[in-house]
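Heads up, there are several structures right after this.
What follows is a pair of complexes built around chain A, which joins chain B in one and chain C in the other.
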Partner chain A sequence: MKRTRLLAYYLLVAALLHGCGEEQVLEKLGLAVAVGYDQIGDGRLLGTTVFYQIDPEARQLVTVIAGTANTSKGLKITHNRESSKKIVGGQIRVAVYQDELARKGILPLVENLSRDASIGSNVYLTVAKGRASDILTHRYPETSNIGIYLYQAIRQNVNGENMISSKLHEFMKDYYAVGKDPVMPYIERVKNELHIDKIALFRDERLAGEISTREGFFLKILRERYNKGELEINLTVDNQRFFTVIEHISSKKQIKLLDLDKPRFSVKVKMTAQIQEMAEQIDLSKPEELHKVQKAIQLAVKKETEGLLEKLRKHQVDPVGFGEIYNIARQKSGKKKLNRDECREAIKRTQFDVDVQVKILRTGVIG
Partner chain B sequence: MGMSTISRHSHMFISVSLAMFIVHGNQVGIGIAGVQRFIYDRVQQDAWIAVIIAGLMTHVAAWVMLKILRKYKNLDLYDIHQMVFGKWPAKVLNLIFIIYIMGSALTILRGYIEIIQSWMFPEVPSWLLNASLLCLAIYGVTGGIRVLAGISFFSVGLTICQLLLMIYPAQYADFNLLQPVFHHDLVELLDGARKMSFSIIGFEIILFIYPFVKEKQLLSRYVHGGLLMTTLLYVVVMLVTLLYFQGEQLKHLIWATLMMMKIVEFPFLERFEFVSISLWMLIMLDNLLLNLWVAMRGVHHIGGFKERKALIGIVIVMFFASNFLETRQSINWITDVFGAVGFYIIFVYPLVLYIVILLFRKGTVQT
Partner chain C sequence: MTTNLIPDSIKETQETLWQQLRNPRLSFRSLSCGNNSLLLAYLPYLIDMVTLQQVLLPFLERLPDEKITPDALVGSLPVARVRKTTDYRQVTDYLVRGWIYLQIEGVDSGLLLFVANIPSRSLGEAQVEVQIFGPQVSFTEALETNLGILQSYLPTDMLSNVSITIGRRSRTNVEVCYMEELADPENVQTVVQRVRELDVDGLIDSGKLVQLIDDNTFSIFPQLIMTERPDYVSEALLEGKVIVFVEGSPFAIMGPSTFVDFFKSNEDLYIRWQMASFIRLLRFLALFVSLFFTAIYVAALTFHYEMIPSALLVSLVKSRSKVPFPPLFEALLLEMIIEFLREAGARLPFKVGQTMGIVGGIVIGQAAVAAGFTSNILIMIVALSALASFTFPSYMMSTAVRILRFPIILLAGIWGGFGIMLGASFLLIHILRQSSLGRPFFLPFFPFRLRDFKNSLIRVPFYNLGKRPALTRSPDNARLPDEAGKKRPIQ
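Moving on, here comes the complex of A and B:
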């Protein structure tokens, strides 16, 4: 009996005490879905927030506000001053950084997102050509919520493996790696359309260059395991140049350091794919013809991979993580671990032996 | 010889298999939320090896404890002290144990409240959460050892459910991060294992539940089973943490495990970490209750107070002590102190006690 009374006391106390918690009424909140950061004049930040409001009387469900401050948390305060709703960050899905700002370094801004317990690790980070506020405040005739649109566009491409993923966690992980650099999608507004057709390369926290999404494909197969996706290739078979599309590509990479003193890497890529489209009439049911095509694809992929590696070296960025592999090999041979600058310096003039193997599994439903 | 005055009716006994859950449940608490960085600090990528070493140490220590308990048929540590050292030295030793046990209960309570404040409700004052958790503790502890065993059972089930969520961060694994393996010597690894000790102690509970266990001859297999479960759990969590975070990142993460939960996303439930933190209460609740139960028995033993009065007294002390620890620094400090003290009390002291018993009390095998 005593215990029942005790339980009753406990429940009473608990019920009374928990009224003291902070209430979050949905109608009084603005749910931020996208944030943009720009740099203006005297080192101040211009922040743009796209947020949802749940208000039956509002004509527009999606609202965009902008304000300036010196820090990103300062922006939150400015934004709240301008808004009738309390803006909360729990639903942020995309963060957009102006390219000018990214060239100066965005680590404090990104770190702030990751420090905030209310913001998840699944936020996509992107770089904008020009001002982020131009992208977020523009009225697009075809979409009502640019934040969600942007999120879905990036996610769709990442899931289809046409774009390298740059979630908040992945950016931080690459940034903190010694001998590896982060990348992000590079978005651009052309009139009423958003284009995601470039990839921004970072050197540590700074934007250092860009590559096309086509080059991004080759970067992706060097960075991670690749499972689906497609590629259009220009082939030369028997002195004929034509295009083909390979699909359902799956690839594995193997990167090894061959020489520690004069850094030389062996980069092996094993790829299987399916031919989907041929602009030329070639009888693929004949093994020797298929073999020729396979060879030609191999050559084309190898050439483009080498081109990409050359470009990365020119920009002095290392999104593949050669530095990391170099550092591990160094430690295994009993030398001390390099820091990030030493590591970048060490692999500056490195050589790559690229070897690509392509296996065509199927040729669609016709031979 | 002053035997414990509590009467031991059959309804106060627990089945021996529950000892496994009590041991595991009392080992896994607040430590698993963020112990990783302390071990990483010592042995970097070899942290998982240090975890295995710490696990082996628990088996050795538990083996010694069981040896001691077997010498005296039906006594707990408080009684054994009295048998071995006589009345007054035993009171001093028991008091040290009570203070230590209360201290670890305090770190658990304060640690969990800090998680709630940092992650979910920054504005809720500590005393409020203290009061509601301690009220719950009074209710639970007065239920006796069988209720505590039941809570431990559910706590273990919940721990395993949370372990399954590690699949999400494991998808971002980068196996280069474990390289080079075995890069630290044994001294460093042992140092890392010692850092682990705060998170892996708790199995000393067997010294106190021993008189309440039915079928004592089977106890050792269940105790070692519980210890093995804990070690495996920690190894998995440590490995996933090492693969998911860069070392530099991990060094700054107060709650690495919770940070990993940030990546978990269900279609119907984004931001699963908030659910996870709430469920964490049950994982740490059994630690709190078991520690308070042990302290209560101790105060009852040395002071001769009634158990319920002893419990109320302890809870009042805990409440004020916990409110005293307000900042991150003070919480870190108490965690460090009890982590260091705990290592000697749990891993070293039983061995000393066993040697003393072997050398000086050869005859006193029977009660």
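Moving on, here comes the complex of A and C:
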């Protein structure tokens, strides 16, 4: 009797709560892969969505639609009006923001993505030179699915250590950490090709400047632990200028605050690498020759790192997170925690002692 | 009581037996040797005619002329088992079991002689629990044969039996076997008591007995293992388990057993421990695949589109786009078809079995996709989960798992991943609550016993299995002379 009643309860619960699960049957959905946001004239947003419209008979896998609204969720409503399938965001891989929009701040848009439970953190955020819709609506002869193409292009470069990763959660973390600023890949369409050769620097949520991917390399070794990857360097050995390529670079950084009152940082970079190619014939099997080359690489890396730090200061951005280190050191010495603006102000005129140590592990063997 | 006494006249006995048995094949043989006239009664199809004609009859004809008594005969009859009786009801009981009744004129008691030749088949290979490696012989329907095989595996006086006859009408012999000193008396007591207290009409197979004596009749999971392999039974006896044989059934019942035991094959002991561990883990993987794979497909397609890897997305939607049903119905339909195929395969006569392959493989598989009836990804998933369920050594368990798949798919269709978790939790709680002969059913995990865990999901080398499982609570735990165990095993 007790059993039967229990069973009846279960069945009742199952029957009554059936409707509570919101059904999203796969083939009835338009799965957005990439979204783009632009600003148009009167403060309105132009949203572009690339989504799967899968039909075995259709030639094109993806469809692009655009619409305008005042908010990002408003864009969703506009988009759904234009589509035969319900557009959902769970498969978004790339979000593209127009640079002009980014200059005014993109936090509300990014937060909206991160608050949506169906969107994971596996979304790359990028800044577009010019309009995002120009990038997403353009028909590229090489690829029919611009969303996945962009995603793979960024991922490939991030995995190959050529680009700084800017996933959704990484942006949010950098933004909310006091004394650190986010960065993003800066993409540009040149005719039928997409170029990802710049890095956008943010001051809090606003686009503040850009650096080249070469400078991005030095930013990356300061921001995080670096493994594999390669670099072409211009060297001067015995008054001879030539190029060399080092690969399998792995580096560790150590940043320490030396002086609290007049902020001064010691930036130590330890790097190991292999020489892959040299434009000049130097017998590297001789220790003294190798030592010379090593010294020259060290000097070149140091110079470029210092150049980068100078540039960051000029833009008043702090993607390395010096402010964070400074703030922690302050609190350790018993002073009050600084807020965003105080922190930025405090490290405005910092000094950097850059010290680079390069060790060449192997020469000659390529692989 | 007085009415059952055997009359002293042969004629009257003959009359009484006729009335009792009402079997036209009941044969009588009257002999007169000297001053004695003897009566033999038997059922010809149950006894060994050769022994009767070539041994027993010549012996009786050569009896001395003077009056003899049954007591004198008992010692000299050329038959292995002789029993004296004064009760004609007992006589009929024994006649139907292949005994010969012998009475001397003028004596109101008779002798029962065991000259049975009960029809049975010869030993064969195991057909249900197939093993590649290890002994191949399987039990047969004859209880005596089964006990013989078992004793040949364990020629020791520690092997003890309890004989019980149950079934009011069927009078079936049931044999409870255990190893003295190894089996916990409490376990033996539980089994014997449960069997003894049964008051049923008839009991033909151990499959019926196991349902009558297990702990929870309402659970879908079997709680006692049934096996047709003597080597498996012998191993179990050495672990301290209790075995039940039923006359007429080639399957022995084995207990106490845990949930994990149903995923063990005895072959795991014959192959090296690395292989055995791998294969066992594979079976547990198969359990999860079989239970949840189709359900996950349904849940992902109905609720959790964001879970699907982007590489799979396009092909998945393409194969789904022509299907007219929602994923839940599609999955249930295909699971049903697979069950139809399986059941038809089990029931079909051997000769038409080939047709099944064609019908199942080509017509249903290919045509269903071509007609836009189901997606080919689902066909693959359903086939995979059916395949996975066939990896379990226990037929009962694999059937249970296949049936459990349906409610879980249903839950997945109603509530998605949440429903699957609900179903899985329900199952887990249910398994945790079960017991087998009063011992915990989910043993190596709850309560956690490292000793049993070593021979559950994995199988460690024998030198590290120095003790009998905690499950059986054996009074004598040591399997190896030394716990640290670098010496030779004793058994």
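Definition applied: the second predicted complex is superposed on the first by the 344 of 367 C-alpha atoms of A that agree within 3 Å, B and C clash if a C-alpha of one lies under 4 Å from a C-alpha of the other, contacts with A are read in each partner's own complex, and residues count from 1 in each chain.
Convention: a residue touches a chain if its C-beta (ideal position, glycine included) is under 8 Å from a C-beta of that chain, and two chains touch if they have at least 3 such contacts.
Everything numeric in this text was worked out from a predicted model, so none of it was measured.
Enquirer: Looking at A:D55 after the superposition, I want to know if it touches chain B, chain C, both of them or none. Which is it: first, second, both, neither?
Expert: It touches chain C, and chain B stays clear.
Enquirer: Pick one for A:L31: touches chain B only (first), chain C only (second), both, or neither.
Expert: In the superposed model, A:L31 contacts chain C only, not chain B.
Enquirer: In the superposed arrangement, which partner chain does A:E161 touch: chain B (first), chain C (second), both, or neither?
Expert: After superposing on A, A:E161 lies clear of both chain B and chain C.
Enquirer: Once the structures are superposed on A, label A:Y176 by its partner contacts, choosing first (chain B), second (chain C), both or neither.
Expert: Touch partner of A:Y176: chain B, not chain C.
Enquirer: Tell me the contact category for A:G120 with respect to chain B and chain C: first, second, both or neither.
Expert: It touches chain B and chain C both.
Enquirer: Which partner does A:K332 contact after superposing on A: first (chain B), second (chain C), both, neither?
Expert: first
Enquirer: So in the superposed three-chain picture, is A:Y9 touching just chain B, just chain C, both, or none of them (first/second/both/neither)?
Expert: Touch status of A:Y9: first partner only.
Enquirer: Is A:G321 touching anything from chain B or chain C once the two structures are fitted on A? First, second, both or neither.
Expert: first
Enquirer: With the two structures laid over each other on chain A, which partner does A:G90 touch: chain B (first), chain C (second), both, or neither?
Expert: both
Enquirer: Just to be sure I follow: which residues of chain A are touched by chain B in one complex and then by chain C in the other one?
Expert: Chain A residues touching both partners: 3, 14, 17-18, 20-22, 90-91, 120.
Enquirer: In their shared complex, at which residues does chain A touch chain C?
Expert: Counting only chain A, the residues touching chain C are 3, 14, 17-18, 20-27, 29, 31, 33, 52, 54-56, 61, 88, 90-91, 93, 118-120, 148, 151.
Enquirer: Can you list the chain A residues touching chain B in their complex?
Expert: Within the complex, chain A touches chain B at residues 2-3, 6-7, 9-10, 13-14, 17-18, 20-22, 90-91, 117, 120-122, 167, 169-170, 172-173, 176-178, 321, 324-325, 328, 331-332.
Enquirer: Taking the touch rule as given, give the residues of chain B at its contact with chain A in the complex, in rising order.
Expert: The touching residues are 118-121, 123-125, 128, 131-132, 135-136, 138-139, 142-143, 172, 174, 176, 179-180, 183, 244-249, 259, 262-263, 265, 270-271, 273.
Enquirer: Which residues, counting only chain C, touch chain A once they are in their complex?
Expert: Residue list for chain C touching chain A: 218, 300-303, 305-306, 308, 310, 313-314, 316-318, 320-323, 326-327, 411, 414-416, 418-419.
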